[in-house]
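Have a look at this one.
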Amino acid sequence: MNPVKTRVAIVGSTGYGGVELIRFLHQHPEVEITSVISASSSGKPMSAQFPHLIGVMDMELDGVDAAKTAQKADIVFLATPSGVSSKLVPQYLEAGLKVIDLSGDYRIKDSSTYEEWYKHDAPDAASLEEAVYGLCELKGNDVQGKRLISNPGCYPTATLLGLLPGVEAGWLATDSIIIDAKSGVSGAGRGTSLTSHYAEMNENFKAYKVNKHQHIPEIEQVLGAAAGKPVTVTFTTHLVPMTRGIMSTMYGSTAGNHSEEEWIELYREYYRDRPFVRIRKQGQWPSTKEVAGSNYCDIGFALDARTGRITIIAVIDNLVKGAAGQAIQNMNRMMGWAEHTGLNMLPVYP
Amino acid sequence: MNPVKTRVAIVGSTGYGGVELIRFLHQHPEVEITSVISASSSGKPMSAQFPHLIGVMDMELDGVDAAKTAQKADIVFLATPSGVSSKLVPQYLEAGLKVIDLSGDYRIKDSSTYEEWYKHDAPDAASLEEAVYGLCELKGNDVQGKRLISNPGCYPTATLLGLLPGVEAGWLATDSIIIDAKSGVSGAGRGTSLTSHYAEMNENFKAYKVNKHQHIPEIEQVLGAAAGKPVTVTFTTHLVPMTRGIMSTMYGSTAGNHSEEEWIELYREYYRDRPFVRIRKQGQWPSTKEVAGSNYCDIGFALDARTGRITIIAVIDNLVKGAAGQAIQNMNRMMGWAEHTGLNMLPVYP
Amino acid sequence: MNPVKTRVAIVGSTGYGGVELIRFLHQHPEVEITSVISASSSGKPMSAQFPHLIGVMDMELDGVDAAKTAQKADIVFLATPSGVSSKLVPQYLEAGLKVIDLSGDYRIKDSSTYEEWYKHDAPDAASLEEAVYGLCELKGNDVQGKRLISNPGCYPTATLLGLLPGVEAGWLATDSIIIDAKSGVSGAGRGTSLTSHYAEMNENFKAYKVNKHQHIPEIEQVLGAAAGKPVTVTFTTHLVPMTRGIMSTMYGSTAGNHSEEEWIELYREYYRDRPFVRIRKQGQWPSTKEVAGSNYCDIGFALDARTGRITIIAVIDNLVKGAAGQAIQNMNRMMGWAEHTGLNMLPVYP
Amino acid sequence: MNPVKTRVAIVGSTGYGGVELIRFLHQHPEVEITSVISASSSGKPMSAQFPHLIGVMDMELDGVDAAKTAQKADIVFLATPSGVSSKLVPQYLEAGLKVIDLSGDYRIKDSSTYEEWYKHDAPDAASLEEAVYGLCELKGNDVQGKRLISNPGCYPTATLLGLLPGVEAGWLATDSIIIDAKSGVSGAGRGTSLTSHYAEMNENFKAYKVNKHQHIPEIEQVLGAAAGKPVTVTFTTHLVPMTRGIMSTMYGSTAGNHSEEEWIELYREYYRDRPFVRIRKQGQWPSTKEVAGSNYCDIGFALDARTGRITIIAVIDNLVKGAAGQAIQNMNRMMGWAEHTGLNMLPVYP
């Protein structure tokens, strides 16, 4: 164990991504939270925004000031919206901080694609070039010693972990991929809107941004690299009346003639020794509650001889493996610590 | 209005389908409920099983006895499980009653297919032959004057209403159809099980019976007839942490080169003058709460030029249009009454 | 049945009270909705605000204009916030309309009490004088032929129906009354706030406005009149993670030595022939779902010999008996129609 | 840190109390789980009962056998029902194990009172005599070195932590105490029943066991000891449509004339240096989500000058501070470890 703890700061501490970072970092043995930062609430105590932190994190929120943060911290997490992160990242990098960005800003390598889907300006070329896409279980993904990590999106994390081994192995027809994704409401953030109004969303199930979600190019970029050719997917997002959890139900035509057992073995092999991906046995599909509050991604399969298609089901907690947990996993790997450090909490069940 | 009301009986009154029949039939202007029947609870007052009916329906539950029911009623609804209905239907028919069966027993015309998916014996050939499949909005579906109507399944209702116009028009490649369906927990019935335990299902989203659901052959039978050739679908069912509602999200490759507006117009035309199907305008997708408690099926579209696929989203209340409401709609049509009689309640929102 | 329907208008149609009025009035046999009014959304179709009304109520929202409304309507419902209603009521009265106001503005007869609890100006004295408090089951409450009815609050409705018979009979020590009330989130309205954010309220239970709720003086005013002396109560409000429903759990020391059976009989007698109050039998307490979507108020009792206290439990649907349903019940009584006209829908269960 | 870990066994591992013990003990630095025990499922892997434990706790469930458990473990937790624990405790004690019992069997010191409320036989006198009631924050409560700890009930924990300082100080009239308690559904356990059926309980709020709950004598016993005279309370329990959480809303007439600030200071003083009780500041009341997943009990106050009553609101997670968390806290104190060892997880919010 490190006798001197690494100092971390969190920008966007008053959002759900920020507060979930605090939940894990607060008990991470290698780090100490030295600054919680909020553009809108600086000067107020953190626990005034989130009373569950009373007595635990009463420190005042700092404002956004890269130079001051650099005096207090070694690593900064940006739990800020897309379009905001790209403004802040160059400042924090220049101030000498290591940066882990949870927004979508640095995930898309092609700036025109970014601008088409995100509807605002892409980040500057230099920091975009430097950013490493941090899907931790992606083969060959190496972030150790990097300065800027772009943390994957919530939907792409569940979806890519579910599709990558099959695509890389060539067992999936890449022009056949359809992704039906479902998310809990916390994915929409803490800002108020009619969509996240309790009485509107409770006892309701709805689709949104059908074929238009900004996570589509992220998924296609990574799958295309794995396939060695462009991949285009059909992608639907739905809101589920629950707070946490994503399920991605994925469909594809199989190439080759592999059994369900072989598919399971392919995935077990791909994720061998990776602590946070669990491949379910035949006939068992994961549910979102089975990973809630934890950094796990669980994956199950159903191969249909009648149609020649495989159904792949992956679940994560959108705020953990889909955001804060994976960001900390990325920090661990960046710093050369054991990947699961501070992330060994079990799912909260029931 | 009919001065003498038609008398109706309900078998399986203590399940969710039965009690939902009571909610609508209780205020149906043409009928009077004269017997509520339960094999397991006969002799007890109905309101002892369902306290929300205290003062409204305190009558005692009758046992299963076709001859006695025939003295009290003209029409009998069977809200009984698959495998039970096929035992009862011949008795009620022989006793001279008109029968509307809500189980799966009479939906599958091919007995070996039935037995493969339902895992028990098919109904006798004579009553199976006589049964009319009662998907009310199916073109050419005529139930007036019939004696035995087989009410469609909940998933098939949402799914077929969403797919039929496209398949019939030849605008959908029938070998490309993938159905990702989601249901509230009431679909599993009032029986207790770990699956329907509150603490297991709340804040949870799960897949079940992937590619194995007994509603698959029902969907394929109707689509096959519409297409004029066998159709095989990929079909996944999920449980949503809510009580009521089904969404069927359907995917298919388009044949021909029709615009989203043309798709919408195709469906508007197909369902012209049908009171319970509402086609949404471009860019608007229905959510389950928008039909909750009502007999509506709402349908929306998203055509994706990038992939050549269309996404069709249909929602119903599984207990209404997916069960009791459609059964009453079938009764209305069977009896020659206006189709919406007793079914004009608006969705309960929020 | 009336061959010419009475014309009704609804101000505040885009809130939950307004839209619930539409659900019931739409199928009320004596009336026709001729105008839906919204200060903020006039000119837009009603169904754009509430897609569940597509094809049912596509009419455009009118602006607030008493003279124009008077040309279209005979009765106007005000589903507007406290402080707004008192501005509008005089205009609508002067324009010749009958008015049923769902806000708190006309419930408190003492203006200084109103201003102390509501924190803004009381209504003008003339209209306050004219307003009749419309708790339908209150003994002696007579609204027939009145011009202005003040519809009771949601918490007071459940609470007063639970306490009035006991207080009037002198069986409850009026200085001992403690009311622990719980409400679904729809009671907070459709406006967005952190309190009604799904992720904040789901899987949460919270107290608010403890001893400060503006419904306290309304309860005390009515109980005081029934007791013939001032009554002061302890009153706590809580939010339940559900959309609809209020339970009021009430505690009081008993005066006299009456058995539980006698309490039940006292209440049965008080509410004899009133269609919407159901007194439960001994040992059975109502739950909110057992009245959901309906105009019922169900009441149960537990007498505790150990402490000499009685616990009275009353439940309503806050949007129905606690708002729109009772308002329509008031309209029926005002117009001399049968009290339950248009309100005979059963609870939606489950 | 201990180089050799203490070995713990859990009886009743397949219930919610058992699995929550596993969640915390799995990462407790001083212990190792060496046996998970279930009378009904022995021989099956633990993760077959709870798939969220796949890859984490795949060990087989042992049967109930005190001698075998004694070879594997030093401490045994009994997460077994009342009536079962009293049969097992003597066996485990005799086999030389330290025992922490989560049932109600050893909480009531008077056997006839136990039998009156629990409706079955009281434990044998010797082990009842030996059992120490483990409400950790109770003044003078000393469990270090004890062999048998009786872990408090969920409702009593929230209620007693909320009432004890006031009662002990003589600031509450002990004949005036009314407790209105609310619990999430997990409190009813994993067994299936209509009460815990999702469709029955979702969007529902209900009272149960009014004045009859077996936690009443436990509360009265502890309050009576603190007051130095018998105390009788009015106690109502309700089910909330959520999985976890208890709120106890408590009412009492004040004795003396203390301000709200003085009440807050009284409680802060009582719980000074106790890591898991947080006293809220004036005007702020805790909600259940603010302690979810954690071992905290948060308490807030509202003093009402109008009625001379104080309202005290206490919240806990019923499965943590109300069961598994407090049991581990008791183990820590029994073993002389720091009280918060292994319990420092923050609330899971949102």
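All chains are identified by letter, namely A, B, C and D, in their written order; residue positions are counted from 1 within each chain.
Here, a residue touches a chain if its C-beta (ideal position, glycine included) is under 8 Å from a C-beta of that chain, and two chains touch if they have at least 3 such contacts.
The structure presented is a predicted model; accordingly, all values stated were derived computationally and were not measured.
Listed by label, the chains that touch subunit C and also subunit D are A, B. The most distant chain from subunit C, with centres taken as the mean of CA atoms, is A.
Centres computed as Cα averages put subunit B at a distance of 36 Å from subunit C.
Centre to centre, using the average C-alpha position, subunit A and subunit B are separated by 39 Å.
Between the CA-based centres of subunit B and subunit D the separation comes to 46 Å, rounded to the whole angstrom. Shown for subunit C are the residues in touch with two or more other chains, namely 16, 184, 186, 190, 199-200, 202-203, 241-244, 286-287, 289, 292, 350.
If you check the complex, the residues on subunit C that touch subunit D are 178, 180, 182, 184, 199-200, 202-208, 210-211, 232-234, 236, 238, 240-245, 247, 249, 251, 285-289, 292, 300, 302, 304, 306-307, 309, 311, 313, 315, 350. Across the complex, subunit B is touched by residues 16, 19, 22-23, 26-27, 50-56, 186, 190, 202-203, 243-244, 278, 280, 284, 286-287, 289-294, 298, 344-350 of subunit C. Of all residues in subunit D, those touching subunit B in their complex are 16, 184-186, 190, 192-194, 196-203, 241-243.
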